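Common to both upcoming complexes is chain A, partnered first by chain B, then by chain C.
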Partner chain A sequence: MRINPLTRDRIKKFKKMKRGYYSFILLAVLVVVSLFAECIANSRALLVYFDGKIYMPTYGDIIPGKTFGLGYDYETNYRDLKIKINDEKLNGFVIMPLIPYNPYENDFKEGKYPPFPPSLTEKHYLGTDKTGRDIAARLLYGFRIAFFFSIALMIMTYSVGISVGSAMGYFGGRFDLYFQRIIEIWSNIPSLYVIIIISSIVIPNALLLLLVMFFFDWTKMTWYMRTAVYKEREKEYVLAARSIGASDRRVIFRHILPNTVSIIITFVPFSIAGGISSLTALDYLGFGLRPPTPSWGNILSEGYEHFSAAPWIGISAIAALVIILTMVTFIGEAVRESFDPKLFTTYE
Partner chain B sequence: MNRLKLVFSMILLLAVVSCGGGKDDQSGTTSSQKFKLDYSTHKLTEKLKWITNNNEPLIASSKAVKGGTFNSYIQTFPLTFRVVGPDSNNFTRSYFLNNHMSLMGYQPNTDKLLPELATHWAYGKDGKTMYFKLDKNAKWSDGKPVTADDFIYTLEFMRSPHIKAPWYNDYYTREIASVKKYEDGVMSVTASKKIPDLWLTLNIAPTPKHFYGELNENFVKDFNWKTEPNTGPYILKEFSKGKYLLFERKKDWWARDYRYFKNRYNVDYFRLTVIRDVNVAYEYFKKGKLDTFAATRPSVWHEKANGEIFDKGYVEKLWFYNDDRRPTWGLYLNLDREIFKDRNLRYALAHSINFNKLNKQILRNEAERLNTFYTGYGKYSNKRIRAREYDLKKVAKYMTTSGWKRGADGIWEKGGKRFSVTLTYGQSLFTPRVVVLKEESKKAGVELNLELLDASTSYKKVMEKKHDIAYMGWSTSFRPAPWQSFHSANAHKSQTNNINNMDDPAMDNLINRYRNSGSEKERIILSHKIQDMIHESGAWIPLEMVNFSRSLHWRWIKYPDIPGYKTSSDIFSYPAAGGFFWIDKDMKEQTIDAMKSDKTFKPVTRIVKKYK
Partner chain C sequence: MSTSETILNVKNIKLHFPIRKGILRRIRNYVYAVDGISFSVKSGETLGIVGESGCGKTTLGRTIIGLYRPTAGTVEFNGTDFSSGRKDSLKKIRKDLQMIFQDPYESLNARHSVRYILEEPFHIHGETDREKIKERISLLLDHVGLSEKSLDKFPHEFSGGQRQRIGIARALTLNPKLLVCDEPVSALDVSIQSQILNLLMDLQRDLALTYVFISHDLTVVRHISDRVIVMYLGRVVESADADEIYRNPVHPYTKSLISSIPVPVPGKQRERIVLEGNVPSPVSPPRGCHFHPRCPYVKDICRTEYPSCRSYGDNGNHIAACHFGDSLKI
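Right after this comes the complex of A and B.
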């Protein structure tokens, strides 16, 4: 692949911004890891060797307990299986994931009531919530949901926001004027209240929530794009493209858009951070994803409820939020620096 | 829990209004102009056998002393002091209503009627009328005597369109035919038809005629903030809108020396301060600014109620087991759903609900399982019925009988359909509970999808019968009332209480016979049969009941060894309802001094198991 020398410079500059660059790598690793969350936090074993056979139960169908001589039809409890193999010195072994709990299961103890504090021996590294679910597991799965939710939200808002914004800048005139007024009115709708009202009437699922948030968020990008395109369309290459008969759509998307990409890219990290925090805020208020979906907002509100009795719930959630959002901000900062036009472009 | 009960009873009432009202518009517009009520004095011709239960057991303690101010809280200030009409069905209403006495009282322990405004009562031969001898001493709080006219006026008042209370308009027109005045302070109330438990309908309260006079269309506005004269022990003395209500004990209350009222209603004042947040209220309590705090919930009793004030014995704990009609908390299956048309699947679902685990892990083993829909109704309860237990073998048996197989994900399948159903609930308090049920039912091969909705949305959804399974509970009535919940007349349509869409001619037949029967014996047998049928239908999966109430109180609050009736759920909340407790002023001073000098007392937790 041929990389534009300008882009190469930008990447080089980005790599030089240490904290942004490392944050990027760390976050990328986290995202990849979260894609394989099932191998890290799961009640299913990674590998079971039993009676001369090898099982890899992580993905796919359930393996009922009677396969391993546990005498029940529902899914094997691999933690128990591991203990059983150890205790009865059976021929086999079980390799459990790092966190041997899935984010939905309740780990209850005799005579004690959750939330349980963090414990290395129990492998609840961050403790449990008030129904005995592992917080580390819920944070991991919750991160995956929140991250991809905000990516999806970003793609949707950007595609509409950029198209509308570019069209406004490109066509100008009445079209621009009317759309500006529409967007002004639109962005004055108090979105949080509308979301709260909607989610108390209909039953919000992830998709609906995405659509509703998109409905209010797409306007943000239009202003920036409008200004950028307004500037670009007066340049000579646009004139050249038009003079050889390129359609408006081609001019906007093939010629102008690549030249405004630096603006878009600098907004990306902040949009992702925004998406994560709005989803968390909605979950916290109880208007987001429905239980028992693992969500940071939900953990946060439990943390608030039990802050004096079980501080680990709140601390875990707050720490996770702060770390992720700070990393994203560092990345954003580095991207903005390295895409700074003053560094590599010269004005004629 | 209690607030919840209240909310549900309001909802129930609303539901009754919306399914009962409407078509009787003519009766709603009945006014005194149209139907002149008869205030004339009649001659008593019927020979009557007068009853008075003057020797029933007492709860109150002779150790009780009068005096002191009892501090309690309410979460919102009421929108009106009226007890009927718009906005009157609010939380504070009970404090007013408790001070409105009726003709008779009721002793739940012995199931006996007690004299209240009437000293004696008698049943008429027609089976619809009861006669009452009014207490000659009975007085309104403004000093005017209570007369039979005030009871006749109740009909006029309750039937008036000006009070803007269609439910009452309808009830006092349809259920009560007339109130008549006789010589010598005797009066009668007649029901419009022969009904079982006649006294329950006829035991009306008087309305002060001299206070309201002729009603007009401004009633709702004019009387919004007026303090109506009452007949009970307390009267509202002062208030500040949005801040507090202060009730004062009447020093010369007409019934103060009566056997059943002696040593009760002991505090001189009770103040209800508006505190909008329960957690804030608890902080007030901890500082001694509130005298008691409800602690039935495990989170209060086990988690909050710890620390210095308890360890040093300044605050004591009371755990009172009661024996009352229980709200019907459970899972309501919508029988109109294709998947629940097969009874085996309903049974299988019931056997996949692990109540014991829920109780053990979330409810700290303090709840008990309901077994039958009408629990705590005395002889009317069918005590043979046992709720279906968590049993994976039985699930497998029922499912395979109906031709279902376990799918690759462990969930039962048949012809491309999975046994996956949605459980709708309306309180985030229940989330931990349903999470446990979900995980456990997964083992049984049933997938429960949880759907937490906001309380009113959830209620709406269930009322429109759009749920698969609803986790909710109805509040109680005096006797089992199966018509609203299980009769086909209320099935398949929205805004009725038959949320199971139970539609069974055999059930209808039983319910009709139950409703029309005048014999208690027959009604009890029918009630048992109805409960058997509910159990056999598998349409309702019983869950928890809480058979106690718990409170925290400062040590100067004293009460009899047995602090309430067997049905009491709230020992301290309503000073004008039971009113058995009192404030020991010396002990209050002693405690406050002790707190300053860091003197300690023995920590006290009283557990009263008499009615367990």
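Right after this comes the complex of A and C.
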């Protein structure tokens, strides 16, 4: 199978849009990296060589301290183990991840109160929050949660929104009319209030938030799809498909949808940006994911509370948010431009 | 050339599109796109349908192959009426009735390769033998004059004429008996038009096809048709054998159409009948004869009464709907 040259042209055009293309590569790298966040920011060592044996504790069960001759049964503190091996010149070594803290652990130091400012020697590159949790680690894990949350939200809302919208546009008539009114009413339910009410009754987890947000968000895509399909429906290739006997489902999904894909793809980056910011907003207001879950909203609200005493919390969170959202917007812009049938249009 | 067996029989079909207005989308009026048309097509012949744009010829074509359900009347194919039937009965008849579309740039899905376009009809109709499909497709490509290399290309990599060939190949995949050609050459260059027309005529001879050929181009229709129907505002105004209608047109509308064909002889000028005004809206067709506001020979009776069809000529094949068909001599 060859790639449709239309698609190839679009990819070529997308690659020419430098800032969008590089943002895309950078974001893709970030997403892949965040998938392996356990190897980047973790209190467990990447590799331990001790007494002629190799341990890789990153994934899997905890390794009790006694294994390494430490006098306790709970999980080994690898940072201490590293210091001990160095100090006592023991036969072995410990390789720690780049950020040797996990996002949940509170790093308390004797005689000091957190938050601690950024420090290279402590390896708290962005400092800690008020309970001594490493901010860089929390940002990384928070990014993973927010990004995949919005991907999941997008897949859910798109599959329902696109199906309903296409059906509305394709069948038209009564079906279209009634669904339009239903969706108008549906989209006027104040979603924030519903989420506040729900989160005052139960403590929301990611899945519940996902379902609630999906419940209110799926209507957006229906309008665009309805219009697009409405336009495509009367084209001759659809009539041709129907005249060879294709079923309605086949016509919608095999013939019309591939021709509206540019509309769908154009919305993807903006939906992801929207998903990230709405989850962050909910967390910030305290109606979303609860601490200690690493979430950007939580870090942001903490940064706001302690801005004069610990500016690094707020600054890191805001910077991360701005960078990611800007990159996603750049990608969206480039995608929109490369999928636009009108060449040489600029969005200033 | 033509046997006497009737393959398609259209009886008084009407297609009225409702115009809905207001919040409740009540029906306020109708577009009378096709308003009571009857004709029959014999196996192996070519029936030409001509008329101005907006006269309902495309709608008629789409109704014949079952894309639209007629408001009234029946379409019988090989003696079975499918126009009011359910979807599964339609699917069987789909194999025998296919359509060639007007615009080869719009009628092929830009997202599908030629292979997909030609294979899809087999998948839809449950043909699974891959070898058989392959064989059939290479035969089809041979018929329409495309090479096997085209299979992995996409429609926009072809020229208009080649795309129309793909469209013809697709229409032929299921071995149809009747093809409705909806202005198959009007979107093409003149030099390509004749190629496609000759291809269609060759195919008709080789595959024993029956054509309903819709066009606004009178020369093209004369070239390819055995019989011709002239439509005006959703109704038949005249029908006759192709040569007869060009030699002895009866209806003033047909006369004016034929007088507008350019004569390919330098210096020679045909007497032109230039029609005044535009085609009236099919939403509110004029009272009486639909043609009366533009007819140069209009009389009082034309304004009040729709003329019934009358036979002319020797064999009774020549039918026209005009009050004064006999007396009008131009």
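Convention: the second predicted complex is superposed on the first by the 341 of 348 C-alpha atoms of A that agree within 3 Å, B and C clash if a C-alpha of one lies under 4 Å from a C-alpha of the other, contacts with A are read in each partner's own complex, and residues count from 1 in each chain.
One rule holds in what follows: contacts are C-beta pairs under 8 Å (C-beta built on N, C-alpha and C of every residue); 3 or more make two chains touch, one makes a residue touch a chain.
Predicted, not measured: the structure shown is a model, and the values here were computed from it.
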Query: Quick one: chain B and chain C on chain A, clash or fit?
result: fit
Task: Answer with first, second, both or neither: which of chain B and chain C does A:240 touch in the superposed model?
output: second
- request: For the superposed three-chain arrangement, provide the angle chain B-chain A-chain C between C-alpha centres, rounded in steps of 10 degrees.
  value: 130
Query: Is A:6 touching the first partner chain B, the second partner chain C, both, or neither of them?
result: second
Message: Once chain A of both complexes is superposed, is A:291 in touch with chain B (first), chain C (second), both, or neither?
response: first
Message: Contacts for A:88 in the overlay, against chain B (first) and chain C (second): which applies, first, second, both or neither?
response: neither
Task: Please indicate which partner A:250 is in contact with in the superposed arrangement: first for chain B, second for chain C, both, or neither.
output: second
- prompt: Is A:75 contacted by the first partner chain B, the second partner chain C, both or neither?
  reply: first
Field: Per-pair minimum CA distance [chain C against chain B, superposed on A] in Å
entry: 45
Task: Report, in rising order, the residues of chain A that make contact with chain B in one complex and with chain C in the other.
output: none
Query: In their shared complex, at which residues does chain A touch chain C?
result: 1-2, 4-6, 177, 235-237, 239-247, 250, 254-255, 258-259, 261
Query: What residues on chain B touch chain A, complex-wise?
result: 302-303, 357, 360-362, 364, 392, 396, 406, 408-410, 428, 431-432, 435-436, 438-439, 442-445, 450-454, 456-457
- line: The chain C residues in contact with chain A across the complex are 25, 62, 65-67, 90-91, 94-95, 97-99, 101-103, 106-113, 120-121, 124-125, 152, 154, 156-157, 167, 170, 173-174
Query: Quick one: in the complex, what on chain A touches chain B?
result: 60-62, 64, 72-75, 104-106, 108, 113-114, 130-133, 199-201, 203, 286, 290-292, 309
